[in-house]
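Presented sequentially are two complexes of chain A, the first with chain B as partner and the second with chain C.
Up next is the complex of A and B:
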């Protein structure tokens, strides 16, 4: 599956659940970013950094990947003299997250059925 | 926490390619394809590192890769971590204790206005006659039965609008402190719009062209002067959705029930059956009714506040203990 084209909420595609896994979204930290931003209207860069235990540079790179894919919007501004960066998930991001979670859940379900 | 300072994105634009996670030290082969190739940062899974593994679900143990045992464990662990992140974010974002306490306290402040009010107006047959006319009493906002005191309607007008504006400021401040913003705008808009509608419906319905508006405010919900509690209840439903809180949804259900009871029934009857008979006081009709939803707000707000403080202490303790 193309990394530049999130699965758009079609996780299973009638085959193995991994067909629904999108490499771009599946990366653990990016999945964490989408999960947190889906919980709030806006998430501060600092909160994401602390919750995911990432360096600023690492988080910035992940956000760039997600933003280029249209899954999040990064809003940069100032609060007084202090720079403030906030992240908002897009509708496409919510869809991709839902598809990823559905694929993972299906994987777990299949594994439970096999074992 | 493994952050190397609090710099904003862009401060390290080139990236060093290091993992930057608590475990660190992954080789390129261990990195998930997405993290290693696209982000260019060579990122692996945080959870995998902490658990002693090295592979992310997108990495060497790519789900469905043929390893029967790994197939279910990695996605399961990842789902567990995501659920924990979601819980943590939701807990940090919740701030509804203040609106509950604020409107509970504003309801308490209204007690003198209810005491000042004269008993409900009685019609010739003994039934309640509601003054469904426009005028200085703001009937929908509590002024309908208050023939001797029109202050109640004005009090609720100021209290509701001011309360919702304070809630807007509170949520903005909480978002700044917590780092997560709750979409509370709908809550504030709902409260202010309903208050404005309650204010404007009576005078507007005086116009013959808009007389049909009078059916929008049934007298049964106005007669006891408790309609402002229904406006608060409507706001709580919107806030429960915005906060995604089951506890607040339960509170909204209970509060709506209490508000409807206060609007449609004389709570003094219940108290009378329990042996309480304050006959002779003109507040016997209004005070028990307004106290019922007020107590719900104060108890729920107090409990939510205690829970919020406990959650904040847990987060602070977890942060000071550092990453596992």
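Up next is the complex of A and C:
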């Protein structure tokens, strides 16, 4: 790949901001889960479901993807006799979210004024 | 849904920024195609392929999705004897991209400093 592409100001070597994005974190519901848990430290399943307007099944599915990638921990416990599931972001999850937010910031910086 | 959720500063009525995102535009390669065509007016297939690091098949597949949604027009022509495919963003594509960038801007504004 040449360093001198006739590319209208897009340095290909620097790469388009979307190239470095990880689909695992970029998917909008998973991005929602990560941003909320990064802020809340420990988020209730029910709160996430309501805040992100997801069915329980859909939320569970995305939590499984994130947990298998090591980005969140899902903690099942009881409050009195009531089952309670809470979600915590991991250090690796914070790092992944930081990378995603950096890519989105660059995208908005480059393209936010164009559309 | 109550207007007074104990939600740690997330007004659910305003909604989490990821809730309004359209997967059609949010998918990272399609977001790449839209941002580049919004800037370039008319983008070569080969340029898009290189800038976004996509195979021809993968780029074609995403262009078909965007074209069927009315967000881009794919123009096939010749330059001399050589086939040349170019991509143009539509007015509807610009509107969709503007909505996506607004959601991402809000997400970065709310969460950019947290991770």
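Simple rule for what comes next: the second predicted complex is superposed on the first by the 97 of 115 C-alpha atoms of A that agree within 3 Å, B and C clash if a C-alpha of one lies under 4 Å from a C-alpha of the other, contacts with A are read in each partner's own complex, and residues count from 1 in each chain.
In the analysis below, contacts are C-beta pairs under 8 Å (C-beta built on N, C-alpha and C of every residue); 3 or more make two chains touch, one makes a residue touch a chain.
Everything quoted here is computed from the prediction, not taken from an experiment.
When the two complexes are overlaid on their common chain A, residue A:101 makes contact with chain B and with chain C alike. Counted by residues of chain A touched, the larger count belongs to B, out of chain B and chain C. Using the contact criterion defined above for the overlaid structures, shared-chain residue A:56 touches chain B, although it does not reach chain C. In the superposition on chain A, A:71 makes contact with neither chain B nor chain C. Of the two partner chains, both chain B and chain C are touched by A:35. Of the two partner chains placed by the overlay, chain B and chain C both lie in contact with A:112.
With both structures placed on the common chain, the touch criterion links A:83 to chain B but leaves chain C unconnected. Once both structures are placed on chain A, chain A residues 16-18, 21, 23, 26, 28-29, 31-32, 35-36, 38-40, 47, 50-53, 101, 104-105, 107-108, 110-112, 114-115 are touched by chain B and, in the other complex, by chain C.
Note for the complex: chain C touches chain A at residues 1, 5, 7-10, 12, 15-19, 21, 23, 26, 28-29, 31-32, 35-36, 38-40, 47, 50-53, 94, 97-98, 101, 104-105, 107-108, 110-112, 114-115.
The touching residues of chain A, when paired with chain B in their complex, are 3, 16-18, 21, 23-24, 26-32, 35-36, 38-47, 49-65, 74, 76, 79, 83-86, 101, 104-105, 107-108, 110-112, 114-115.
In the complex of the two chains, the chain B residues touching chain A come out as 1-16, 18-22, 32-35, 38-41, 43-48, 56-58, 62-64, 68-69, 71-73, 75-76, 78-79, 81-82, 85-86, 88-90, 92-93, 175-176, 178-183, 244, 319, 323.
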